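In this document, chain identifiers A, B, C, D, E and F correspond to the written order of the chains, with residue numbering beginning at 1 in each.
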Amino acid sequence: MFLPILFIFSLLSFSSRALVQDFCVADLSLPDGPAGYPCKKPAKVTVNDFVYSALGVAGNTNNLIKAAVTPAFTAQFPGLNGLGLSLARLDLAVGGVVPMHTHPGGNEVIFVVQGTITAGFISSANAVYFKTLNKGDTMIFPQGLLHFQVNSGKTPGLVLVSFSSPSPGLQILDYALFANNLPSDLVEKTTFLDDAQVKKLKGVLGGTG
Amino acid sequence: MFLPILFIFSLLSFSSRALVQDFCVADLSLPDGPAGYPCKKPAKVTVNDFVYSALGVAGNTNNLIKAAVTPAFTAQFPGLNGLGLSLARLDLAVGGVVPMHTHPGGNEVIFVVQGTITAGFISSANAVYFKTLNKGDTMIFPQGLLHFQVNSGKTPGLVLVSFSSPSPGLQILDYALFANNLPSDLVEKTTFLDDAQVKKLKGVLGGTG
Amino acid sequence: MFLPILFIFSLLSFSSRALVQDFCVADLSLPDGPAGYPCKKPAKVTVNDFVYSALGVAGNTNNLIKAAVTPAFTAQFPGLNGLGLSLARLDLAVGGVVPMHTHPGGNEVIFVVQGTITAGFISSANAVYFKTLNKGDTMIFPQGLLHFQVNSGKTPGLVLVSFSSPSPGLQILDYALFANNLPSDLVEKTTFLDDAQVKKLKGVLGGTG
Amino acid sequence: MFLPILFIFSLLSFSSRALVQDFCVADLSLPDGPAGYPCKKPAKVTVNDFVYSALGVAGNTNNLIKAAVTPAFTAQFPGLNGLGLSLARLDLAVGGVVPMHTHPGGNEVIFVVQGTITAGFISSANAVYFKTLNKGDTMIFPQGLLHFQVNSGKTPGLVLVSFSSPSPGLQILDYALFANNLPSDLVEKTTFLDDAQVKKLKGVLGGTG
Amino acid sequence: MFLPILFIFSLLSFSSRALVQDFCVADLSLPDGPAGYPCKKPAKVTVNDFVYSALGVAGNTNNLIKAAVTPAFTAQFPGLNGLGLSLARLDLAVGGVVPMHTHPGGNEVIFVVQGTITAGFISSANAVYFKTLNKGDTMIFPQGLLHFQVNSGKTPGLVLVSFSSPSPGLQILDYALFANNLPSDLVEKTTFLDDAQVKKLKGVLGGTG
Amino acid sequence: MFLPILFIFSLLSFSSRALVQDFCVADLSLPDGPAGYPCKKPAKVTVNDFVYSALGVAGNTNNLIKAAVTPAFTAQFPGLNGLGLSLARLDLAVGGVVPMHTHPGGNEVIFVVQGTITAGFISSANAVYFKTLNKGDTMIFPQGLLHFQVNSGKTPGLVLVSFSSPSPGLQILDYALFANNLPSDLVEKTTFLDDAQVKKLKGVLGGTG
């Protein structure tokens, strides 16, 4: 026997009053806060807010590091706002290098889609954990620790990266030290690098001071 | 000996400078974010923002499931915003049923105010936990797991429900499967239900596709 | 057409490997940590770990405050461990009083099951929010703020209390000031209460020093 | 001019005293708690605790759903403990289906490594979000909501799955309803499915009661 | 050999697309939410948003309690917004007293910069923890518990205070009880203080009712 | 009129049953977990678990960097376990330097007790924020970002440091790069430093490989 139509109304009316935050697609036009961006109104959300295609396109590795990172963080993929995770695509041509860097806001796990990658990180206790990874391997890089990935094989590498935050951040060591206006004497005093070394890399990377 | 008036000013002035977020009554007119709604200005908050009376009124159980849920989530009771808990009232006429459902955003504990309720949930490990509860009994339903409540007694049931989130959400299984525009062939393919069964319930619940 | 038995094995084997923390019933015999107690092994968990009946029994209000609080925190109801909420039952005989107190670890919402209750709290900004509540009313008391409940009606009161923590704690003001060994001169110096008042209440409540 | 050896000792001694929780590789032999498992001693941690290779191996899709899920949760990959994310590999043969299911403990994002996948979820507000995804597409499935993935193409599909929790859980709808000892009358009463339908699927999936 | 300029562009362009929430300097002109205030636009943030000088100035202790608290919470130091910590400066003249109080929203640790301070707190279990501290000593006061600090030495005291929240709140016991419009009979009924005591302190502190 | 003794028993018995986690002094002899260490039994906790005196003693700056850091993290001050904050003392002789470093697990705020300190940090967006601070100044260093402190004055400096975690961690850049067994070619490839520079600093700092 069928349930009468009345059933529909009673539960539907509850459902819409109780309508709540399953998700919070970022409205990037409004200012963000400590927990992320304000939410787009649910009525304006479509399936396209949950789908992102840019990670399907190889980044341009025609550069000196022979590497490209394509992020899918909240800024690029607003559907991730408030959800506690994000992705990125990493292309490494033969000889490619993702230089020493940290993600101040999230833990990272990589999955090697293709290629041979030597990757590692250094802990607070100054222990070094590095290994050569093959297709299908997964490796963890804990939040805030210096780490790197290098294509150590003879074919291009493709890596899918997952983060434990929709906005994990990225601080590339060489950029932080040599590609801004931090005065050279402060760089030298706080890194013990030689003046010539600092000025050479500042020259290359466009740093001033 | 009395403290002079000076004492008042020195501490009061601190107190007002330090005035902070004891609570955050939702301003529902502004967009919410991952942590909830923006706060109403403290100066406009009154005791009525912390008091809600709708749970004192029995829901209308004159429907096919003979049950009614009256939520006091942030949307109904804005004082709960950001406080990490909410309530609901559940009325179950004789024979009443709260169909299989989940709360994707919070854990639940019920307290049986009156009546005899058979309630249960199924875990990720596919274990079934169900029991018949009497007046005064309390039962836990962990976040995101399918659960149900049935009036298995001979008198009306009244249940007070607490959640570990001010916006726990609600997904009613039959509604999710049969009361929207998810195509029947996808429902069938992903649930293994027979076509006739799916179409019958879609018919009753107003689903299309 | 039926699905062959093979289906069962493939998914079941996944299911058991993936078996995870839907819940974490406290093993109270082990030391707790900042997030709660270690979990009882899932295989030993039964439905009775999720059901608690003590809130169905009225507390003994045959005492001077004519009130009784019956908690269902992790210590009493281990199934709540890690779930972010807990309950308590509050019985208030005619004239009963729950004295000024705080819950340092959780927000609180009460639901008046029966009776007439005058309840209130004081904010950090020193604003007072109090109101007389009737059967069916709900009221919020934010974390860590002084609050009280008084039976202001002519019949016994019954209140169901929900907290946003499985272990919200309880600090009763008179107990903190007068029922321990905090020296009277420190009490007087830090509360501006008169020596006679402090000693009188220390006498009643068994405080020393 | 070189820094003397003394420099080493002064900072190293600090470093080791301050040695802290960059990571917390699970010691699965000890009981877990609400925040995860106790940590393996740092001195015993090697790079192999951060590398996992099982996601490189295709799951066996020679079953009725023509699909296989290979998880890398804390239970399989203890290095993820406490890090707030995990991965899984999903293989879908032609015609393969991951049936309707939820993850009660985490948000999910998939990346289509190869193939054509039709995937979708249903929200608390009963809105349906589904789309056909191609190689390189990414899609979000919010925590606790019913969702599915179907190979809608003509070649095998491979999907990498990321979760916002190291232990997101998994509740497969058909398993929850038909593959345990939940009595058929309770299933029927709480799902409105016909008795014949329930018994048919219980038969196939090995449910009792 | 030098890296070509191309390197700069490839990484910089990533860097700016990925630009994320290292910090969230409060825009105090917008309404706050449960997690804090919306963020000032990064482009408008300068080093001065991260530097605050008011804690360098002694508070005015020329009052009856001979004490002054100078907070650096989000409201005073917007750079702390969302960062999970804040500071305050406490000046205690000879004989100075910080009266019994709680911080409903954060744990506290003090560092005695100069002087001799007797400080203590009372736990939920009604245990008293107090001690006389000297220059260089550090002491913890857990969230929401009544505590006090008294200058028990012969020289002025200076204390630096750290909190585990950018907005820990402050509830001073005497203010909560005697410096607002909470009716005297409710104060007496819920504290067991004598009417004369209550009225005396209400008179001093400006309370009404 | 006095309250009878009965009052004591009724509330005390509640109090001890409800006894909960105001604090969780670390038992460092047990393994820690993602949320910290297991708690010492409350009955064994004394005021000395909440008091720590080592920050009162100047660190030995008789080393090449002319600086010393004295931490009060959970490992040194177990009372901080689970409380979300910690402290450290920083002594900087004339010319002293705290080299470029990060705290992967916490935000930092410093308070200059004496001296003149030039301090700064670099953001994910590669902006530099640095300033010369004087006695009484406070400065923020967000989690995971490279930062430094230099005594830029003519007198010794003393800085009190607060962190938003009881175990914020510490990664000193030169140590991570040059004081372990990370192979020189990997250092060079991932930092673009010259081989001579790397080997020189490896020599000084005891690095191998």
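The rule we apply is simple: contacts are C-beta pairs under 8 Å (C-beta built on N, C-alpha and C of every residue); 3 or more make two chains touch, one makes a residue touch a chain.
A quick map from chain label to UniProt name: A, B, C, D, E, F = Germin-like protein.
Keep in mind that what you see is a predicted model, and the values were worked out from it rather than measured.
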Listed pair (C-F, B-C or C-E) duplicating the A-F contact set, over half by residue number: C-E
C-alpha-based rotation, chain C (Germin-like protein) on chain F (Germin-like protein), 0 to 180 degrees, nearest 5: 120
Pair with more cross-chain C-beta pairs in contact, given A-D and C-D: A-D
Distance from the mean Cα position of chain E (Germin-like protein) to that of chain A (Germin-like protein), given in whole angstrom: 35
Junction residues of chain A (Germin-like protein) - those touching two or more other chains: 3, 12, 15, 18-20, 22, 30, 33-35, 104-105, 120, 123-124, 126-127, 130, 142-145, 169-170, 172, 175, 179, 192, 200, 204
Every chain pair meeting the contact rule: A-B, A-D, A-E, A-F, B-C, B-D, B-E, C-D, C-E, C-F, D-F, E-F
Complex interface listing, chain A (Germin-like protein) residues touching chain F (Germin-like protein): 97-100, 102-105, 118, 120, 122-124, 126-128, 130, 142-146, 148, 150, 169-177, 179-182, 186, 189-194, 197, 200-201, 204
Partner chain F (Germin-like protein), residues of chain D (Germin-like protein) touching it in the complex: 2-12, 14-15, 17-22, 24, 27, 30, 33-39, 41, 81-82
In the complex with chain A (Germin-like protein), residue positions of chain D (Germin-like protein) that touch it: 3, 12, 15-16, 18-20, 22-23, 42, 45-48, 50-53, 55-57, 72, 77, 79-80, 83-87, 106-107, 109, 111-113, 120-121, 123-127, 129-131, 133-145, 160, 162-165, 192
Chain C (Germin-like protein) residues within the chain F (Germin-like protein) interface of the complex: 30-35, 60, 63-65, 68-69, 71, 73-76, 104-105, 167-170, 172, 175, 179, 200, 203-206
